[in-house]
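First chain A sits with chain B, and in the next complex the same chain sits with chain C.
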Partner chain A sequence: MDELSLYVLDITMNSVRAGATEITVELREDGKWLDFTVSDNGCGMTREQLAKLENPFFTTRKTRKVGLGIPFLKMLAEMTGGYVKITSVHESESSDHGTVTMARFGCDHIDFIPLGDMVETVKALIQGSPEINFVYRHSNDKGEVYLSCAEMKAVLGDIPLNEPEILSWIGENLREQYKGIGIV
Partner chain B sequence: MKSLEELMAIKAKMQDKVALRTSSGETRIVVGMATCGIAAGARPVLSAFVEGVNEAGLSDSVMVTQTGCIGICQYEPVVEVYTKDAEKVTYVKMTAERAKEVIEKHIKGGKVVTEYTIGALKK
Partner chain C sequence: MTVNDICKDIDAEVICGDTSKEFCGVYVGDLLSRAMSHVECGNLWVTIMSNVNVAAVATLTEPAAVILAEDVELQEDAFKGANENGITVLRSPLSAYEICVRLHEAAV
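== the complex of A and B ==
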């Protein structure tokens, strides 16, 4: 994968598949580091699963025998001097379950890859799971890009967020906000 | 978040249209969006289908959805097309350009683009 936004899409899909109804995707840039955090209220992982997570030959899926999402993310983060930190509470342990995946990337590092098109990533997520309440934030020294599916639903009522008109509004709105923080 | 008012206006325009949309899903286009698909370029393929279906005015009868890994990672991006009467068609190694072609020839024209199907690849 040659842009960070694809990693964000891939990792956030884990939350979707974990049955989450609320997912927050957050990017924070301070000039030196880019921190990416996705938190969800999905089923979470047991301690056993969590321990095996970085092993590419561990996966819960049935269609193939390898799981590369987290190993890819970890490799890229560590190559740029950063790290990945994952905490999770399995649904059998608490009613307050879910997973938080945090990855830090060194922006100045030669192995850092371009952020790519985050707007397309957010649109793909909402297109695939219009029922999920995504919150998206991306901040840098110039300000913040913000989108809340719950706020949109409050306006739209029963019109699903993956209607083409709504998706293109989401795209335009985000691109406009991105201009405001100097990212085109 | 800015311009939620804009959204209100879009809602007003859409309400009648969405209410009428009961037959949705006669044709289903399913894009594989697991790690294998994403790494191979599924995101632009997905967006080409979403935009293409809308531009063709087919949103009422064609649904674009996503799925996880279906187990043929080496052929990603993989797209499956389900139509009412015909057998499922599996397109492999898709690109945004190929997506446009599939909409034009298969979804609109009813003619499978054989050269992009998994059958053509295995020969």
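== the complex of A and C ==
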């Protein structure tokens, strides 16, 4: 994983697996830091699960005994002078449950890796889970890129978002917006 | 060839695990996500990373041994993870490059 977008994809897939119906992926750049936050309304984690999260020998997967998503993210963030902060409310605790994962990376740091192609990442997420209402935001000092699946669904009605024409329109629209904030 | 056969060649000490394992091939690399997809079962994996994630990647990829170069110290939770999962870990004062040269000379 030599691009940050792969980490965003990996963390967002945790939200998908947690049964979320609403997932917000937000990237913020201020020149010094790149912060990304993934918030969901999935099943959340218990305090015990949360405490073990940074240990790669803990995983909710049944297929293998090692989970490296969060450990790798934490290692990379800390290598660039940043950090990872995770808060979660388990479904047994409250009806307002879900998880927020925030990761901060130092853009000037020598170990910072390129962001990669976020447009393709967002498309991959929508293609894989068209039923989920993703909100995507990416902001810098020039403005903001914004996409809301719920708003698109309101216009499109019954047409699923993973229809090839829709996905390709989403890609073009995002790239157009990215030009507007100086990222090509 | 077994892990034990090359310990002397690379001035390595055994940190944990069984050194009677047969090995085949070598992978060198520190980017763990990449090592995860490139270390092959039975390899010697040479790296300077020494945190718990190394033990986790080794659990997935099953190298015959992890060789820590440049005398890096295996962190405590990494030692625990390696020990509990039967990972063999060696440590050498040599650089990764020098370890590979010596392994080559030993006709690996």
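To be clear about the criterion, the second predicted complex is superposed on the first by the 184 of 184 C-alpha atoms of A that agree within 3 Å, B and C clash if a C-alpha of one lies under 4 Å from a C-alpha of the other, contacts with A are read in each partner's own complex, and residues count from 1 in each chain.
Rule of thumb we're sticking to: contacts are C-beta pairs under 8 Å (C-beta built on N, C-alpha and C of every residue); 3 or more make two chains touch, one makes a residue touch a chain.
None of the values given here were measured: they were computed from a predicted structure.
Chemist: Do chain B and chain C fit side by side on chain A after the overlay, or clash?
Modeler: When both complexes are placed onto chain A, chain B and chain C end up side by side without any clash.
Chemist: Which angle, to the nearest 10 degrees, do you get at the Cα centre of chain A between the Cα centres of chain B and chain C?
Modeler: 80
Chemist: Could you say whether A:Leu50 touches chain B, chain C, both of them, or neither, answering first, second, both or neither?
Modeler: Neither partner.
Chemist: Tell me which partner A:Glu163 touches in the superposition: chain B (first), chain C (second), both or neither.
Modeler: first
Chemist: I'd like to know which partner A:Cys107 touches here: chain B for first, chain C for second, both or neither.
Modeler: Neither partner.
Chemist: Which touches a greater number of chain A residues, chain B or chain C?
Modeler: Counting residues of chain A touched by each partner, the higher count goes to B.
Chemist: May I ask you to decide whether A:Glu120 touches chain B, chain C, both, or neither, giving the answer as first, second, both or neither?
Modeler: first
Chemist: Identify the partner contact of A:Met79: answer first if only chain B is touched, second if only chain C is, both if each is, neither if none is.
Modeler: A:Met79 sits against neither chain B nor chain C.
Chemist: Once chain A of both complexes is superposed, is A:Arg17 in touch with chain B (first), chain C (second), both, or neither?
Modeler: The answer is first: A:Arg17 touches chain B but not chain C.
Chemist: Quick check for you: in the superposed arrangement, does A:Leu68 touch first (chain B), second (chain C), both or neither?
Modeler: Touch status of A:Leu68: both partners.
Chemist: So, A:Ile181: does it touch chain B (first), chain C (second), both, or neither?
Modeler: A:Ile181 contacts neither chain B nor chain C.
Chemist: After overlaying the two complexes, what is the shortest C-alpha distance between chain B and chain C, in Å?
Modeler: 6
Chemist: Where on chain A do the contacts from chain B and from chain C line up?
Modeler: The answer is residues 1, 64, 68, 72 of chain A.
Chemist: Can you name the residues of chain A that touch chain B in the complex?
Modeler: On the chain A side, the touching residues are 1, 6, 9-10, 13, 17, 61, 63-64, 67-69, 72, 120-121, 123-124, 127-128, 146-148, 151-152, 155-160, 163-167, 169, 173, 176-177.
Chemist: Touching residues of chain A toward chain C in the complex: what are they?
Modeler: 1-2, 55-57, 64-66, 68, 71-72, 75
Chemist: Spell out the residues on chain B that touch chain A in their complex, using ranges where they run on.
Modeler: Touching chain A: residues 1-4, 6-8, 10-11, 13-15, 18, 33-36, 38-39, 43-44, 46-47, 50-51, 53-54, 59, 64-66, 68-71, 73 of chain B.
Chemist: In their shared complex, at which residues does chain C touch chain A?
Modeler: These residues of chain C touch chain A: 31-34, 36, 51-53, 55-57, 59-60, 77, 81, 84-85.
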